[in-house]
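The first chain written gets the first letter, and so on, giving A, B, C, D, E and F; residue counts start at 1 in each chain.
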Amino acid sequence: MTKGENMTFAKKIAASAGAAGLALFAALPAWAQEAAAPAAEAAAPVANPGNNAWMMTSSLLVLLMILPGLALFYGGLTRTKNMLSTMTQVGAAACLAMLIWVMYGYGLAFGPEGNAFISWGKFFLAGVTQDSTAATFTDEVISEYVFICFQMTFAAITLALVLGSVVERMKFSAVMIFGIVWLTIVYFPIAHMVWAGGGFLFEGGMFGTSLPAALDFAGGTVVHINAGVSALVAALILGKRMGYQKEIMAPHSLTLTMVGTGMLWVGWFGFNAGSALEANGSAGLAMINTFVATASAGLFWMLAERLNGHKGSALGFCSGIIAGLVAVTPAAGNSGPFGAIVLGAVASVICFYAVTVLKTRLGYDDALDAFGIHGIGGMVGAIGTGIVYAPGLGGPGDGSVGIGAQVATQIVAVLVAIVWAAVGTMIATYIAKAVTGLRVSEEVEREGLDLGEHGERAYNY
Amino acid sequence: MTKGENMTFAKKIAASAGAAGLALFAALPAWAQEAAAPAAEAAAPVANPGNNAWMMTSSLLVLLMILPGLALFYGGLTRTKNMLSTMTQVGAAACLAMLIWVMYGYGLAFGPEGNAFISWGKFFLAGVTQDSTAATFTDEVISEYVFICFQMTFAAITLALVLGSVVERMKFSAVMIFGIVWLTIVYFPIAHMVWAGGGFLFEGGMFGTSLPAALDFAGGTVVHINAGVSALVAALILGKRMGYQKEIMAPHSLTLTMVGTGMLWVGWFGFNAGSALEANGSAGLAMINTFVATASAGLFWMLAERLNGHKGSALGFCSGIIAGLVAVTPAAGNSGPFGAIVLGAVASVICFYAVTVLKTRLGYDDALDAFGIHGIGGMVGAIGTGIVYAPGLGGPGDGSVGIGAQVATQIVAVLVAIVWAAVGTMIATYIAKAVTGLRVSEEVEREGLDLGEHGERAYNY
Amino acid sequence: MTKGENMTFAKKIAASAGAAGLALFAALPAWAQEAAAPAAEAAAPVANPGNNAWMMTSSLLVLLMILPGLALFYGGLTRTKNMLSTMTQVGAAACLAMLIWVMYGYGLAFGPEGNAFISWGKFFLAGVTQDSTAATFTDEVISEYVFICFQMTFAAITLALVLGSVVERMKFSAVMIFGIVWLTIVYFPIAHMVWAGGGFLFEGGMFGTSLPAALDFAGGTVVHINAGVSALVAALILGKRMGYQKEIMAPHSLTLTMVGTGMLWVGWFGFNAGSALEANGSAGLAMINTFVATASAGLFWMLAERLNGHKGSALGFCSGIIAGLVAVTPAAGNSGPFGAIVLGAVASVICFYAVTVLKTRLGYDDALDAFGIHGIGGMVGAIGTGIVYAPGLGGPGDGSVGIGAQVATQIVAVLVAIVWAAVGTMIATYIAKAVTGLRVSEEVEREGLDLGEHGERAYNY
Amino acid sequence: MKLILAIIKPFKLDEVREALTGLGIAGMTVTEVKGFGRQKGQTEIYRGAEYATNMVPKVKIELVCDDALAPRVVETLQQSAGTGSIGDGKIFVLDVGQAVRIRTGETGEAAL
Amino acid sequence: MKLILAIIKPFKLDEVREALTGLGIAGMTVTEVKGFGRQKGQTEIYRGAEYATNMVPKVKIELVCDDALAPRVVETLQQSAGTGSIGDGKIFVLDVGQAVRIRTGETGEAAL
Amino acid sequence: MKLILAIIKPFKLDEVREALTGLGIAGMTVTEVKGFGRQKGQTEIYRGAEYATNMVPKVKIELVCDDALAPRVVETLQQSAGTGSIGDGKIFVLDVGQAVRIRTGETGEAAL
C-alpha cells in the first residue's frame, strides 16, 4: 500500500466502486476485508493463482483454528466430564454457521444491495460460478468462491468463540437455536457494518461526525469484541456453573490446551495475513506482526504473573498467546513490528488483570474467559490500533489523520459493537431459552454433559 | 471450465494429447486428476508458482491427513492397549507406499506407455528432473515432482484407510506384506484405469456401451470405494476380534478421534481442492463444496441419531464429517454447493444405517468402519455425483449427458472398482497370511498389540 | 537450476552481487538460504504472489513444527510431572527467539554490512517496509518481511531443539538466559557464516584451502548439528536427572510423541521445500526427497531394531522419521530421490546405534536424544550430501567438483560448527548458571517441574 | 483401632472430608474405584454398539481411628455422604491390630 | 460378615462378576491395581532403555457378605477367576465388624 | 496371617519393594491413592483460581504374610519408606482369616 492518499476520500469512493475503480483500493490501509464482493459482477478478470492459493490456504488455516484448534483449547480447559460436549458444541456450531452462511449469511453481509446495516441478494449464492471473482484491495481479484469460503470461516469461528463462556452447562439444542438467531441478528449485520462497502462503520463520519473510518485489519471488532461481549451477556443470562468458586474446576488437560494454543497461533495467520486478500507485502507485514505481538504477549503474561507473586504458568503462557493474537488482529497490517510488540504486551497484561482480578471481583462465570480475553483483548487491540498506526510510531499510516481522531473513531466502533452485540445476544439467548430451556438439568450438569447430552465418555482408558 | 464441449470426444483426444493439445483440457469437467503425465515430455513450459505452491500445500495437507490425522482418528477409536499399534500401522504403511510409489508405482499408474489397465515406464522416476513438468487441465503445468508427490500421498492414504477394519488383531508384518501386494495389484491398476489417459474408466464407452466417462473429481472410486471394499474383504478373511460383541470395546479416546476428525477435514481440502491441479476457480468450487457437504453431513448424522431415539453423539458428529467428506470427494468440482449439501446429508444418513444397523445384522467385524463409511459413503458419493452434476440441479455440467446415462456410468465404475478391489484384496490377504500368519496370537491380542508387537505402552501416566 | 556453471566462481560473485547480478543465482545449487538480503535495497521489484504465498505457508509450517509439533514430540517423551514444563520451555524459548530476531538477530545474521563471522545493520528492522523485497536464487524476489519471518522461525526452532537434552531439570529462568546468550553468540554467527553472502562457510576456500563451498540446502549445519552439539554440551554441564538409569523414565505418552512426529514431518516441508525460497522445481525436488528419505528412515529404524533382536517399536518409527528428516535437510535440493532414500536409511541406522548403544556406554543424560538424533543425524546428512550430490549417483550436481573434495568441504563445515557450538554453549550455560543457578532443587525435580516451576498439573482427570 | 472403609459418591467427597475434619480426624486415604450394585450406570452408545455399564464411579475412603471415635465417624460419614438416592454407598468397619507412623515410628493411637 | 478381597486378572472381571451375581451377590467394589508376584511383566524398551516391569496390571475386588455365604463366594471366585496359569491372583478373607448402608442407615447384613 | 496395609510416598516404592524382597516377600499389591493428612499439597493456580489441594498422591501397599513375619515386614517397611519428613505415611496391620491362591486352590500360608 502506497502512502499519501486521502484515506477518507478513497473510502467514500471505494464504497460504490466497481472493478473500474479498483486501483484506488491500493491506497486503502484500513478495514482490510471490505467491499470485495460488489466488484465481482464486472467483466471477467482472472485470479492470480498465487493469491488464490494463499486465500485458500488462509481459509483452511481458519478451519484449523476451529476444529482441532479451538475445540482443543476450550476442551482442555473444561473438566473431563464435559470434554466431548465442549468439542462437539464448537464443531457443530461451526457447521451450522457454514450452512447458514451459504444460504443467506453471505447475502446479508456482502450482498449486492443494502444499506448501512444490512445487505441482501445473492441468497443461496445465486449467480456465483467458478468463474466469478471478488476484488481485493489492489486491481487483483480472487475467485469469489474462495472469498466466500474465507469469510465463511470467520462467521464459523466467531460463533464458536462465544461458546467459551457457556460450556459445561448449556444444552446442545440451545447452542443450535442460539447460533441461528445470533448469526442472523448479530454477526451478519456487524460484519456488514464493518467490512462491506456502504457499511456504517466502514464509511467513517459515524453519527454525523467527521471521524475517519475505523481501522480493523482482520476482525478485532467483528470477531473478538463481538464474541467476547456476546459471551459475557450469554453467561450472565445462563448463570454460574454449579459449585463455581467452591469446587475444584481445574483444566482437565492443559496439555491439550497448549496443543490448541499452538494450532490457534498457526491458524491465526490465515485470519490476519489472509485478510490482506493477496499474498503481497501487506500480508507479509500482517504476518510478522502476528508473530511478534504474540511472542511478546505470551512472555508478558508470564511476567505479569511473576510480578504478582505467582509462578509463571503454562496456562498463563497460552492465555498470553491468545491475548496477543486477539490484540494484533485489528492491527495486523496497520502497525509496525515494534508497535505490535508493545500492543501485544499491553493487551496481555490488561487481560491478565481482567481474568484474574476483575472476573473474581465481579463474580460472573465466564467459564473459559471468552470475554476476559477476546472481549477485553479485542478492545485494547482496537483502540491501540489507532495509536500504533501512526507513522511516527513506526506504523504504516500516512499521518493524514491525527492519533486523537483515529483513537476516537476506534472507540466509537468499539462502543457500537458492544451495544449491538449485547442487545442481540440477549434476544438470541432468550429465544434459545424459550425453545429449549437453555440449561441442562442439575443431574446432567453434575454427571457431565458428555454422558448426559451425548451418551459417551471422552476417555475409556 | 467452459461449457458446451463434447466431453467424450475431448477425453479421447486428451488421452493421446501432448502439450500442444492441452488447451482442450480446459473443457474437461470430469475425472480431475487425469492424464497429466503424458504431456510432461513436451518442450519446457514453466510451472506458475501459484499453482505449484497450491499443489505443494495440497500434498502436505494429504500428509497431514495421514500421520497425525488418520492415525489419531483411528487410534482414538481403538482400545488403549492397541493405540500405538494402530498409529504405527498407519504410519508405516504410508511410508511403505511412498517408497513403492517412487520405485514403480508411479510407472504402473502414470507411466508413459500402457494399456487400459496398467502402464509402464519411468520406473525409479527415470528421466524426471526438477525441470520436468506435468500438465493440468488447462494449458498450465506444474512441476512433475510436485505431481508425483501429490499422487504419492493418495496411494499412501488409501492403503492406510484399508487398515481401519483389521486393527487390533492383524500382525505388523502382515500389514507390510499385504501393503506391497495390495498396492501393486489393486491400487496402481485402479488409479490407472480411472485417472490415466487411456485408462479403462477414464475413457467412457466401457464394455462396448456408449456410456460417457465417469465423473470422479478427487478419488471417490480410487480411494474410498476401493479402500472400503478392500477393508471389508480383509476383515472377513481375518475374522472378528476376540470378544467382539461380548466385551466392551469403547473408543479409548474420543477426544483424539475428534482431533483426528478436524485434521482430516482440514487435510481433505488438499485432496479435493488440490485435485483441480491449479489454484483456480475449479479449486474454489471444490473447496466450498467440501466445506458445506461436510458441515451438512456432520449435523445430519446427529439428526439421524435423534430420529432413532438416541442422543446426538460426538462420535456421530465425527462419523458424519467423514461420511460427508467421502461423499463429496467425487463431487467436489462436479456439483454446486447445494447439491453438495444434499449429497452430504444423504450419504451421512445412509452411512449411519450401514454402521449402526447393517453391520450389526451381518455381524462382520469392520473394527473402525472403514467399509461402513468409506465404502458405502464412497458409493453414495459416486452415484450421487451423476445426479448433482446436472446443471438443472445447480451443478457445473453442461447438460449434454442426461442424468440417467451419467448415473449408469457411475454405477458401472462403482461395480468395476468393487470387483477389482475384492478379488485383489483376497489375493493380497492370503499372500500375507501365507508369509506371516496374518493374525497375532490370542495372548498378544488379549494383552494388546502395543506390548505384544511393539514392546511399548502408549501411556505411562 | 541449470547445470554446468562453475560453482565456486558463481558463489564468489554472488557474495557481493546486488540485484543486478541476481540472474547468476539461478545456477547456485547449494546453500539454499543465502545472501538474499543484500539485494533488497535495489529498485523495487515485486514479489510473485505464488512465491510469497509459498514462503508464507512455509513459515507457518515451521511454526507448526515448534508449538504443537516439537512441544508434543518432546513433551510426550518426558514424564507426566514435567509435561507442561517441557512444552512451556519450548514455546517460550521460541517466543524469545522471535523477539530477539527482530531486534538484532536479523541484523547480526543478514545485516547489510559485515565480515565472515557476523554482520550488522537493519537492527530493529530499520528501513524495512511492506514494499521491501529479498532476493531468491533466481531473478525473483519475495517480500522482505516474509523472508524475515521465514528465517525467524529457523532461529526459534533451533533454540527449542537444544532444550531436548536438558528438560526435566533445567530452570525456566535458566532457559531464558541461556537462550538470549546462545542465540547471540552461537546461532546468529553460524547462520551468518553459512547462509549470508561473505560468510565464512558460504564462500568456500576455508582456511586457505581450495575447497569448494559446502552444501547445505535447508540447515543441516546451522540447525541440526548446531542444536545437537549444543544440547550435548549443555546436558554435560547440567548433569544427569536424579534417578537416571535407575528409575523408570518411560515416555508418559507415546501417543502425543507420534502426533508430534506427524506434525514435525508435515512442518518440515516448510523447512526443506521452503528453503528453495520459491515454489519452483527445486522446491519440488526438496519436497519429494523429504518424503522418501523420511519414509525410508522410519522403516529402517524399525528394521534395525528387529535385526538387533528387539521388536520394531512405535518410538523407533518416530525416531527414524526424525532422523531421516534431519539427514535430508542439507540434501533436500541437493540429491536425487534415491540418494535421499539411501541417506535416510543410513542416517537412521547410525542414529539407532548412537541412541541405543553409544549413549548408554558413554552414560551422559541427553534426556530426549537431541544430540543422538539431531547432532549425529545432522553430521551423517551433511557429509552424505557431499556424496549424493554427485550426478553419477542421481544427484543434481554438475560434476565439476569431485566427491572427495565435496566431502572434505562438508567435513570442514561440520567441524567448524561443532567447535563453535561447543564453545559458545559452554559460555552460555555458565552464564545462565551464574545468573539463575541453572538447575531446579531436588525437591522440585522429584515432584516435577510442572508443580514446582509453574504451579500446575498437566492432567486433572 | 478401627479401619473404616466407606464407598461414597465422588461429588460428596469434599463435604465428607469437611465433616470428618470437624470430628478431629486428621488423616484419611482416598481411592477412585468402580462400584457394582443396585445403582445402574449410564448407557453409552458408540456407532450402534450399546454398553450398559453396570460399573459406577465411586470413591473409597479408608480411615483408621481409635475405637472410641469409630461410631461417631460412621455416623458423620453416613450423614454427610447421604443424598437419599440409590447408590449412596456403604460403610464397613474392620479391626486394626497395629498402626505405625512411618516418619517417627510411633505406634498405636499415637500414630494416627 | 466377611470382607473378601480378591486380586484377579483384569480380563476375567466380567466372568467373575457374572458368576458372583449367580450366587446372589448384589454389590462389590472394584479397583485397578498393580500386582507384584511370581508373574513377570512384559519388558518394555524405549530407545535402548529396557524396563522389565515387575508390576502387572490386576483388578482388586472388595466384597462384603455374610459369614454363611463367604465360603461359596470364595469358591466361586476361585473357579471363575482361574485360568491355571501363573498370576491368577489371590483371595483373602477378613472379618468385618459392622456394615452400614449410607442411603438408609440400615446396618449389619441388611446393609449389603 | 496379617494384612499389612502401608501408605507411602510414591517415589519410595522401588526401595520399599527391594527391601521387602530381601525379607523373602514374594508378592504384594499396589494402588495409587490420594492421601489427606498433615502434609499439605501444592497450591495450583489456573487463571487466578487458586486450588490448595490437600490431597497428596500416595501409594498404598497391601501385603499378606504369616504372623511370624509380620513384625519384620512392618519394621522393614518403616525403615525403607521413611524420609523423616512429614507425609511419610502409615502402616496398619489387620488380621486375615483365610488366603487362597486362585491358580492352585492352595489355602493358608501356602497360598502366599
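One rule holds for everything that comes next: a contact is a pair of C-beta atoms (placed from the backbone, for glycine too) under 8 Å apart; a residue touches a chain by one contact, two chains touch by 3 or more.
For each chain, UniProt lists the protein as follows: A, B, C = Ammonium transporter; D, E, F = Nitrogen regulatory protein P-II.
Computed from a predicted structure; not experimentally measured.
Colleague: Which contact partners do subunit A (Ammonium transporter) and subunit B (Ammonium transporter) have in common?
Modeller: Common neighbours, subunit A (Ammonium transporter)/subunit B (Ammonium transporter): C, D.
Colleague: Starting at subunit A (Ammonium transporter), figure out the least number of steps needed to reach subunit E through touching chains.
Modeller: When the steps are counted carefully, the minimum from subunit A (Ammonium transporter) to subunit E is 2.
Colleague: Return the chains common to the contact lists of subunit B (Ammonium transporter) and subunit F.
Modeller: A, C, D, E
Colleague: Counting C-beta pairs in contact, which comes out ahead: C-E or B-E?
Modeller: When the contacts at B-E and C-E are counted, C-E has more.
Colleague: Could you work out how far the Cα centre of subunit A (Ammonium transporter) sits from that of subunit F, in whole Å?
Modeller: 54
Colleague: Using Cα averages as centroids, what's the distance between subunit C (Ammonium transporter) and subunit D in whole Å?
Modeller: Each chain's C-alpha centroid was found; their separation is 54 Å.
Colleague: Roughly how many whole angstrom separate the Cα centroids of subunit B (Ammonium transporter) and subunit C (Ammonium transporter)?
Modeller: About 34 Å, centre to centre.
Colleague: What positions in subunit F touch 2 or more of the other chains?
Modeller: In subunit F, the residues touching two or more other chains are 31, 44-46, 94-95.
Colleague: Which positions in subunit A (Ammonium transporter) touch two or more other chains at once?
Modeller: If we look for residues of subunit A (Ammonium transporter) contacting two or more partner chains, we find 48-51, 53-54, 57, 248, 250-251, 259, 310-311, 313, 315, 455-457, 459.
Colleague: So which chains end up touching which?
Modeller: Final set of chain pairs in contact is A-B, A-C, A-D, A-F, B-C, B-D, B-E, C-E, C-F, D-E, D-F, E-F.
Colleague: Help me check something: in the complex, which residues belonging to subunit D touch subunit B (Ammonium transporter)?
Modeller: It comes out as residues 44-49, 51, 53.
Colleague: Inside the complex, what are the residues of subunit D that reach subunit F?
Modeller: Listed in rising order, the residues of subunit D that touch subunit F are 1, 3, 17, 26-31, 62, 64, 94-103, 105, 111-112.
Colleague: Okay, in this complex, where on subunit B (Ammonium transporter) does subunit D touch?
Modeller: 245, 248-251, 310-311, 313, 315-316, 319, 355-357, 359-360, 369
Colleague: Please output the residues of subunit F touching subunit D within their complex, sorted ascending.
Modeller: 2, 5-8, 31-38, 54-55, 58, 60, 74, 77-78, 81-95
Colleague: So in the complex, the part of subunit A (Ammonium transporter) that touches subunit C (Ammonium transporter) is made up of which residues?
Modeller: 1, 48-51, 53-54, 57, 61, 79-80, 248, 250-255, 258-259, 261-263, 265-266, 269, 273, 278-285, 287-288, 291-292, 294-296, 298-299, 302, 310-315, 317, 321, 333, 336-338, 341, 396, 459
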